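Below, each structure is written out as structure tokens.
One chain, chain A, appears in both complexes that follow, with chain B as partner in the first and chain C in the second.
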Partner chain A sequence: MRRPPGRGITDLVERLLTVAEVYAPVERDQSVVFDRIESAREAAIDRGPAALSPKNLVFPRCEMLLSSSTRGDESGRAPDPGPGGPRVLFGVRPCDARAIALLDRILGGGEKTDSYYIRRRESLVVISIGCTESLETCFCETTGGGPRSTEGSDILLEDLGDRCEASIITEKGVWLAGQIGLEHDPAGARTPRGPAPPAGPAADLAELKKRLDRSFEDQCWRDIALKCIGCGVCTFLCPACHCFDVIDEETAGVRVRSRIWDSCQFPAFTEQASGYNPRPSAAERFRQRVMHKFSYCIERYGMPGCVGCGRCVSRCPVNLDIRTVTASFLGDGGEP
Partner chain B sequence: MEASAIVRTVRERAAELLASGRVDLVIGFEQGSMPMRAAPCFVSDADGTDRLVWNSFCGVNLARFLRGRHGRIAVVAKACDTRALVELIKENQLCRTDMVVIGVPCAGMVDSAAVEEITGHAGITGVEEADGRLLLTAGGSPVSLPREDVLCRSCRRCSTRNPVICDIAVGERAPEPEIPGFLDVDQFAALPSEERRTRIEAEMKRCIRCNACRNVCPMCYCVRCFADDAFPQWVGRGGDPGSVMSFHLVRALHLAGRCVECGACERACPTGVDLGILNRRMSADVYRHFGYRPGMAPEIPSPLSTFSPGDPEDFMLEPDRGRSCGCGG
Partner chain C sequence: MRNPFVPIPMTVERNRVETVDGGIRTLTLSFPADADRGAFDFVPGQFAELSILGVGEAPFGIASSPAEGGLLDFTISRVGRVTTALHHLEPGESVGLRGPLGNGYPMSELEGGDLLLAGGGFGFSTLRALARFVLKQSNRSRFGDITVVFGARSPGLLLYRDDLEEWGERRDVRLAVTVDRGDGSWTGLTGTVPDALRRLDIDAGRTTALVCGPPAMIRHTIPVLAGLGVAPERTHVSLEMKMKCGIGKCGRCSIGGRYVCTDGPVFRLADLENLPGEFR
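And then the complex of A and B:
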């Protein structure tokens, strides 16, 4: 049974609230989502993993890119200036933090950076809490992470009840810790409150990638995707999925260009103006999802595009479990 | 009949159908990848029918999977699946003679999220069913829950427990509940309009436009959904709350007189949007105006796709004008 957060955690949140906007898991309409909090009481740290990932904070579901007026005057709305002061994303699980590390590599690093992403990301400090339990759907260790992975976190906390130990990981973490008088514990996150839970078997990701690459033309994708209904639950709940579309809409004389989440599971994702679709069925579309996560992302960004948070496993309407799919490629054929 | 006996019979009948060549494919449920999950499965070989299961988690409406497939298909169907089949046959989407319905009585499906809520999100590692109770292993400890307490929202107001069309009946008929009427609809309609608006807007705000409700729906089969059309774009795809509302309102209207109230949309929704607020109102209106409940009788035509010269025209603003010029407008 889940325990409420210790005094150490709530004290820390109170201190954070004096120096920054704080976003934490909160309960809204019987489910847990990330939103801004005004007091430590609102943080629903003990209510299980958030239904929606925190990626909305750095990559909103709908984000205005620019706007203009159809009347030829200056009445068009100016682009959203983005966040002002520092924001703290508090209480994420290490898997969600790791997904932000992936988004950083894709949208915030390399030769081409995404200014809209960077604007939101630069002001964000990520504080994760090491997991002391795993759910049926957790498989972070299968994807190379772990319940105390530090990737993507600026500070990793260990909830020890009346106090919490902190591993301060980045420069940003050092800055924020200085603001609130949080000290780095040299043993931080190494004296866990509970034993590290098992979260999926470790998988040979290199071997998985090799086998996936060989399977591109394989008939097995047709069988795997038979039950797929082609909705966007898996991709929209995924903390690491980052595909988008750009749309123009007009309301009351103001044209707005926005970027919105898109999903490789939607037929329109690859439909061309001629009507031709290079991914005509669920088989090709589901293959793309698995390939992108366990082959292309590893190739381009050095880490898989899946962090094992388990949201897609938990919420897929037809129980198309990505763990079963990857396990089937690794040869044991059965449950992961 | 015990659940295990139902499973055994389903497997036997499915194997016979495949072995005799009467069907090419059986669509049913198999055990999912973890407890409290059953997944649609497609069996084309008599040896594969051991995969088939039947339990309280077979919530997906399998009628959704028949369209567009060649050959003869057997489907393991609960009442609401058969209601959708009936409507799809009426709409000429499926051919009755090409399908074999293995009908299973249903006592309502269990909402796994409700179970997780009650068990405090402790990991559920096992689930069994006996005497109307769920016997769970939650966080390593045994927990027993009455099924009635954790039924899906749509199953609580279900009026039809037994298959409407059936070729092979499995299990004993379930007692039909008293038709519950539309109390929920009337209660909602009695609220002040501002409160109704607030409630609906709060539901719509949770929508992330993943299309799970539409894609899982057996009655949503348009080759090109209005929501996907770009030329013209009927409904916006951005963050405007009006666009989200439009999507759901138009969808509800498209389903008027066709929605079989299986609740598959609500179960599929990852954010728990109460789509019943809209769809139930449509069902109530269709029932009250036409005495029609979708999917209940293969021989009764759908009221909204039927024209009769004797139809009442009292909704017309100038009824006499229509009659005098004979043009209907």
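And then the complex of A and C:
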């Protein structure tokens, strides 16, 4: 499944390493995850998306917001951001890059911008590699993306083995390409040379949203969520899930406030201090996950909160498949 | 770029018990820094996150009126770690504050008409802020008839006794205080907030209703207001959802495509009717 990158890619990574910190897919404990690399040999290009998305690099699983060791100091201090040199996120699949584009709208946008996210994001240049194969669990096209989607990428590469072609998409991409002598190939990613992945049907997202909105009170959610055990793995592996909790701790006189990834699949997510919970069972919580992705995100951010990477499908311990769920709403008559 | 997670330092001026059981207290906070006080511009109905670093942070409605000289009241029910720590704060101690957050009551729409404020339990806190604002002598003439309905489970759980006493004596506000269950000495109304509302005689065509309270109260109050003839366009409901960041990022307080923290907490009933019914 995993193959060493072609010479074109290896050469490119070596050049990148001379100008920036490079984060790429690497093999750790038999899984492919994103981590910093020191040499091109370390990069492991998986056939599909890596086991864990690179979301952690812009929105860490656990991030300190404030700390103080002074009694009575309630403002605290944000951690020192460190040197802001360029970081390259290399070898991302277009689905994961598209998820970063969504995080940009949520965490990076709005009236109050998230300075922690912006700081990490500003220094990051995203280089993705178009897909020439797809896994059984891939469904990017049904979420409005595709194996050569450029959303969220600064540069999109086409891996041709001994060389690669580049589409330079953003200003950041132009800057980085200039640093390493990478040239824009006008034909680039638009003329894929590799075998095209099977074209999944592009779902009618507007119609899906309409049908979901009509089904909020529907009893079907009970049946859909019946086998869900509420483990939350779908949300923790999701490159687009962005909900977080804020927690405080005190250790040896140092008081710390952090944020950590959280999951709408847990009862405590919405349980109020009074004990009242507007989403008391798996049915309401699973509904929230699907509605948030395919209705609320579209309404609020103009794109779905799902990029079709398939991680939630392949890792769900009870084989609850979000593709089947959304398809059931798009079936005849719209009733699942 | 201002870091939206850094709290303003505040000083506790007063910490007083509201309810007989001591479970609800009101903290009065001041701004040690003039610049912070000057920048804190809010309307009734907005909220803030109060925090003690190392213990935690939680959202509370601002219970005082904007016209109170840079002092902010927060009424806090002791239910967990953060609220217990807040209850234990002594005058002079520090507390963190992020805010003002949320939209607040639609003040410009309220001028010139009659107002009906209906609150239950300690959800009454932001309505108390609104009442103190509209009943202030210099503001009173900008509003028509004002009716305040406040309900608590028992007489011992009534809040803001000084305000209730003052409003009860004033001729320019109609006050209805009701308790679910009275005790031996209770001579006032018994029943729920919706029960008290049913007995009211209001000019519905001139009235804007402002409602805040627990979900069950809201659920039962909405049909009663409709029965009185208050239009859904002129009914504003302040909602509660569990909340963390308060700035529309953490995803927790979503009701449909809206966030209670930034799009609310005050919603026009006519808009709420188009949202999923999770607030009820």
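The criterion applied here is as follows: the second predicted complex is superposed on the first by the 309 of 336 C-alpha atoms of A that agree within 3 Å, B and C clash if a C-alpha of one lies under 4 Å from a C-alpha of the other, contacts with A are read in each partner's own complex, and residues count from 1 in each chain.
Rule of thumb we're sticking to: a contact is a pair of C-beta atoms (placed from the backbone, for glycine too) under 8 Å apart; a residue touches a chain by one contact, two chains touch by 3 or more.
Predicted model, so just to flag it, every value in this text is computed and none were measured.
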Which of chain B and chain C A:E249 touches, first, second, both or neither = both
Exercise. Applying the touch criterion given at the start, work out whether A:S295 contacts chain B, chain C, both or neither, answering first, second, both or neither.
Key: second
Discussion item. For A:S128 in the superposed arrangement: first (chain B), second (chain C), both or neither?
Written reply: neither
- Regarding the shared-chain residue A:P317, is it in contact with chain B (first), chain C (second), both, or neither? first
**Prompt:** Once the shared chain is lined up, is A:S167 touching chain B (first), chain C (second), both, or neither of them?
**Reply:** neither
Notebook entry, point to check: Taking the superposition as given, does A:K227 touch the first partner, chain B, the second, chain C, both, or neither?
Noted result: first
Using the touch definition from the top, say if A:G48 reaches chain B (first), chain C (second), both or neither. first
On chain A, the footprints of chain B and chain C overlap at residues 245, 247, 249, 256
The residues of chain A that touch chain B in their complex are 1-2, 29-31, 47-48, 51-52, 60-62, 133-137, 226-227, 229-233, 235-237, 245, 247, 249, 251, 256, 258, 260-261, 263, 266-268, 313, 315, 317-321, 323-324, 335
Touching chain A in the complex, chain B uses residues 32-35, 37-42, 60, 64-65, 117, 120-125, 139, 202, 206, 208-212, 214-216, 228, 230, 236-240, 264, 267-268, 270-272
Given the complex, residues on chain A that touch chain C span 65-68, 72-76, 78, 106-107, 110-116, 118, 216-217, 242-250, 255-257, 259, 262, 264, 269-274, 276, 278-279, 284, 288, 291-292, 295-296, 299-300
Chain C contacts chain A in the complex at 1-10, 51-58, 77, 79-80, 83, 93-96, 214-215, 240-242, 244-245, 247-252, 254, 256-257, 262, 276-279
